[in-house]
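In what comes next, chain A is part of two complexes: it sits with chain B in the first one and with chain C in the second one.
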Partner chain A sequence: MAPRVVVIGLASDFGCQVQMTNIEDHLLDVLGLIDLRYWQLASSGHLPDSYDVAIIEGAVTTDEHVALLERVRETAGVVIAIGACAFTGGIPALAALGEIDRHCAVVYGDTPPVAGVTRRTPGPVGSVIAVDYHVPGCPIDTDEFVRVLHRALQGLSDRPPQDPLCAVCKTMENVCFLERGQVCLGLVTRTGCGARCVTLGRPCTGCRGLSPEANLPAAAGVLESRGLDGAELVRLFDLYNAAREAVR
Partner chain B sequence: MSTITVEHVARIEGHGTITVDVEGGVVRDIKMDIIEPARFFESMVVGRRFDEVSLITSRICGICSPNHAVTSLRAVEDALGIEVSERTKVLRKLLVYGSYLQNHATHLYVFAAPDFVGLPSVFPLAETHPEVVQRALTIKKIGNELTTLIGGRPVHPITALVGGFASEPDARSLEEFAERLTRLAGEAEETARLFATFEVPAFETAGDMLALVADDDYAIYEGETASLQGAWRRPVAEYRDFIREDVVGHSNAKHSTVAGSPFMVGALPRVNLSADRLAPRAAAVLGELGWSGVSRNPFMNNVCQAVELVDACERCAGYARQLLEMGGSSEPVPFAVRAGSGVGATEAPRGTLYHAYSIDDDGFVTAGDVITPTAQNLGNLEADMRAFAPTVVDEPRDRFVLLVEQLVRAYDPCLSCSVH
Partner chain C sequence: MFFRMVEKDQIADLVRGLASEYEVVGPVEKQGRFVFAPVTGAEELRLDYDTTLLPPKRWFFPPEETIMRFRTADEEVTDDEVFAPPRVLFGLHPCDINALLLMDNVFTRDYVDPYYKARRDNTLVVGVSCTPSDTCFCNVWDTDEVHWGFDVFLTDLGDRYYASLRTVKGAELLDDYVKSSEVTEEDTAEFQRVVGEFKQAFDNDVDTTQLPVLLDAKFDSPIWDEFGEQCLSCGACSMVCPTCYCFDVTDRLAPDQKSGRRVRTWDSCQFKEFAAVAHGQNFREGRASRVKYRYYHKQWGYLSKFERVLCVGCGRCARACPSDISPVRVIEALQTGGVR
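Then we have the complex of A and B:
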């Protein structure tokens, strides 16, 4: 029997779910392997009471998200967090850098709406429940998503790439941004993206999260040795990783 | 009194709930709660450097990310006094049109079409109408490939920088793309004909319709804001003077008004205001469908999106060929960082999108303001629901709910955009 799969979106821009619909060439193959029971973006219906695999996109920004995730964890045998929001808190976690009440006042003034949700400091899915598989990146790469889904369906271990991006980027003969006097986060960011941004002429902005092999003080030293501001490393890394203290 | 609740309306982007109170066969109240939690983008950009703004605001929406990126770049450039090259403008138009192909194909076939053939989703449609699903995937895929060709990937463009592009595609890819887009126009024409066969309720919105217009172009990248009812045109820099945003208790998204009333933005207002500037094949299809000049029926937004698909194919093929001939550079133009405020506006697939930022002497953002198409549409959508629901309240309950949901989907709302 094909595993029953649900797709759940928390606080996000739906970009990773859009990337899932961009599987196109593999879509029908993937659909043949799974029994898709719930995907609000694509189909009418409700989250069922019972399923095997939960694919979760988005950051945790409300108490309602926490309650939903706790229920998901009790129900699903396998939980897959996809995208920077779910993995590291991503862009939504930038709001963690300030007081939520202050953000609320900036956006809504004195009369915030009462639309049935209780806000909390944003964080990744892993700050609330245990996650079995991760697909990093903002947005996810569709091929990497299909690979991780296959690993999950086969019960293989979660194995996101570990090295910092520089290790791969160097082999691609890209001109190093540090040599051009620009801060690039490839020094500390988890690889696996094929250095797409650097290859296209833009420095790495750290969307795949901190590499377990990264050495932040050493990386800041490398920037300083190129005459750059070492503090920029952490300031820029906050873009997608402001909630990193909250990661279990 | 009985209350009908449709939680998490399906096949729209984001989380919203419709509540209808019916008493003795009369609709007492109807509203759409936006339960999508607020995302604080306008506050999160404060304190970030000017060149990070497009990276952040692109993440407002996974479907129209090229629009958010390009619109925020234009606002930042306005603040810094930067004029980009003609070549950069053409590349940005292609990037934006990539999101039109993606968005319209997804909305029409994945979100809207199942309603008209009585199915819960597009997946069973793959078995009953494989050729239709194939067409949808073909158009959407080319949209993805276009945003990838110009921006580096389907979602969240990499190459679009303040002042220009980090890199651009080679001539051969552009040539090949122009040919494919010309061929795709036929598929887009079939889409328009298909959606024209779907019967929609005869309903007219009371709201005004707003869109960007330009004298010599179907305005997407730049133009002035025009009103259909008021017959006025105003510079986008004055948007705060003509669009008013208010916090509404039941919605995390603000509602917008113009001259005190709700209004509509999107494909239908664009076609209403710029039908004479559509590319030839798109204009021909519109004529073939019996277009009478102006439509106030929001359900016609679907057909207008399909006509825009034809327009996008023709126009993008032209832009790709133009890039091959025009020369010039898309490298970021040199500029100095300085304090200032600026506004940018583009037509996103779902309607006019405004971004505005203030920047300090060191290039850090001190204030941000974003008005998304859906935030503008929500007030009008609710007004339409209030006017439309009583006309179909005698239908069986399932059919009644479906019709109200269809109205919501016709607006192609993006609720995650609306609560940016």
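Then we have the complex of A and C:
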């Protein structure tokens, strides 16, 4: 019997769920492997009471998200976090920098939230419940998503790439941004994206999170030695990784 | 080996002629740096290049290649053909030709690698002389000279090339596509003068005295910890190295899981998982040990087997390493006992 799968969105722009539809040519092949019971972006139904695999997009920003995730964890045998928001807190976690109440006051004034939710400091899914599999990136890479889904369905271990980005960037024969006097976060960012941004002419912004093998002090030293500000590394890295302390 | 003189304006004819029979790959400019890329005419070539971002190894051993396709239902191999089109690598420097010879030791001797071998057999090499840049140290390993491993080698004598023809095929190509002339005694004297000037142009002074012994004697030296602290574990050094040959092999299933392909990709000894084995054991847990073994392999391990160090002094790793870790700095540290 095909595993019953649900796709749930928390705080995000749903870009990773859209990315799932971008599997296009192979979407039916992938759907053939699973029994899709609920897909928040694409279905008008409700989250069923029982399922085997929960795919979660988005950051945790309300107490209601926490209650939902706790229910999901009790129900699902396997939880997969997809995208920067779910994995590292992503863009929503930027709100956690400084005083969140002040940020909210600027955006919402002093009226209570219309949706009737209770705000909390934004964080990744892993800060609330145990996550079994991770697909990094903003947005996710469709091929990588399918590979991780395969691993989950086969019961293989979660193995997101570990090393920094530079190696694959070299294989793309990109001219290093550091040589051009620009900060690029590839030095410390988890590989696996094929260095797309750099190949297209933009420095890495760290959307795939901190490489577990990153050498942050050495990387800051690299910037200093090129006349750049070492503190820039952390400041720029905050864009997708402000909640990195909470990443598990 | 025999020799011919070729006027520089003949190179356009040579490339045009070669392109009618082969894919011609040579140095072209990319954002102020250079890469080896397919060209259709000599006007695209930049034979005055200093070095390229990636070495020519990628044309024999690509960063990623499918080595076979298979069906999962019956585990049958459906395709294992090697893609090896007839190709000319045009404009290789002596260091890179020497690097290919070092790669040949690994890929074509005890265990023949059919993928590398097929491309090597189908590729002609045209070398060209160079001018040392400030990161070059090929003179240290005597890889500033090359005596085989090419079909034609062009030494720049100003308005003409002194063409060394190493293979029959190389001589035929020159015969077929360009007008060349006999070499005179004066030409050879000029060749000697130019080569002599080239040798004088290196300004580095790397002391390799007793290097393998020093590596043994300084196995526990704190210099390795210092380099370990600087290393970003990014693997850039291995990717750009013309003599790094380590690879990983993985199976990638199609989305429907009914078929798949076996892929090999360049690997790096600087990655933590490189020496990880079953049960989570890792022989090179720390950065320092990984940096150290990179140098032990290159300057000791390979030397003990093939009587050459596994480095040609191209300087690509020195340019690519964000932390400026380079063979020159490591050797200096071994000689002096301190990292500078």
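Everything that follows uses one rule, which is that the second predicted complex is superposed on the first by the 244 of 248 C-alpha atoms of A that agree within 3 Å, B and C clash if a C-alpha of one lies under 4 Å from a C-alpha of the other, contacts with A are read in each partner's own complex, and residues count from 1 in each chain.
Note that a residue touches a chain if its C-beta (ideal position, glycine included) is under 8 Å from a C-beta of that chain, and two chains touch if they have at least 3 such contacts.
Because the structure is predicted, anything quoted here is derived from the model rather than measured.
**Q** Would you mind checking whether chain B and chain C clash or fit side by side on chain A after the superposition?
**A** By the criteria stated at the top, chain C and chain B fit after superposition, with no clash.
**Q** Contacts for A:50 in the overlay, against chain B (first) and chain C (second): which applies, first, second, both or neither?
**A** neither
**Q** In the superposed arrangement, does A:170 touch chain B (first), chain C (second), both or neither?
**A** So A:170 only meets chain C here.
**Q** State whether A:157 touches chain B only (first), chain C only (second), both chains, or neither.
**A** neither
**Q** Name the contact category of A:94: first (chain B only), second (chain C only), both, or neither.
**A** first
**Q** With the two complexes overlaid on chain A, check the angle at chain A between chain B and chain C, Cα centres, nearest 10°.
**A** Taking the centre of chain A as apex, the angle works out to 110 degrees.
**Q** For A:138, decide between first (touching chain B), second (touching chain C), both and neither.
**A** In the superposition, A:138 touches chain B alone.
**Q** When the two structures are laid over each other on chain A, which of chain B and chain C touches more residues of chain A?
**A** Of chain B and chain C, the partner in contact with more residues of chain A is B.
**Q** For the combined overlay, can you note the least CA distance between chain B and chain C, rounded to whole Å?
**A** Superposed on chain A, the two chains' closest C-alpha atoms are separated by 12 Å.
**Q** Which residues form the common part of the chain A surface touched by chain B and by chain C?
**A** none
**Q** Would you tell me which residues of chain A are touching chain B in their complex?
**A** Contact set of chain A toward chain B: 9, 11-19, 21-22, 24, 27-28, 31, 36, 40-46, 61-62, 90-92, 94-95, 97-98, 100, 102-104, 106-109, 111-117, 119, 138-139, 196-197, 200-202, 205, 236, 239.
**Q** Applying the document's contact rule, which stretches of chain B touch chain A when the two form their complex?
**A** Per the touch definition, chain B meets chain A at residues 7-8, 10-11, 13-15, 33-40, 42-44, 46, 48, 52, 55-56, 59-63, 65, 102, 106, 110, 114, 120-123, 126, 137, 140-141, 144, 152-156, 158-159, 161, 166-167, 247-252, 254, 416.
**Q** Can you check the complex and tell me which residues of chain A touch chain C?
**A** 23, 26, 29-30, 32-33, 146-147, 150, 162-171, 173-176, 178, 186-188, 213-215, 217-219, 221-222, 225
**Q** What does chain C use to touch chain A in their complex?
**A** 30-33, 35, 53-54, 58, 63-64, 229-236, 238-240, 252-257, 266, 268, 271-273, 287, 320, 322-324
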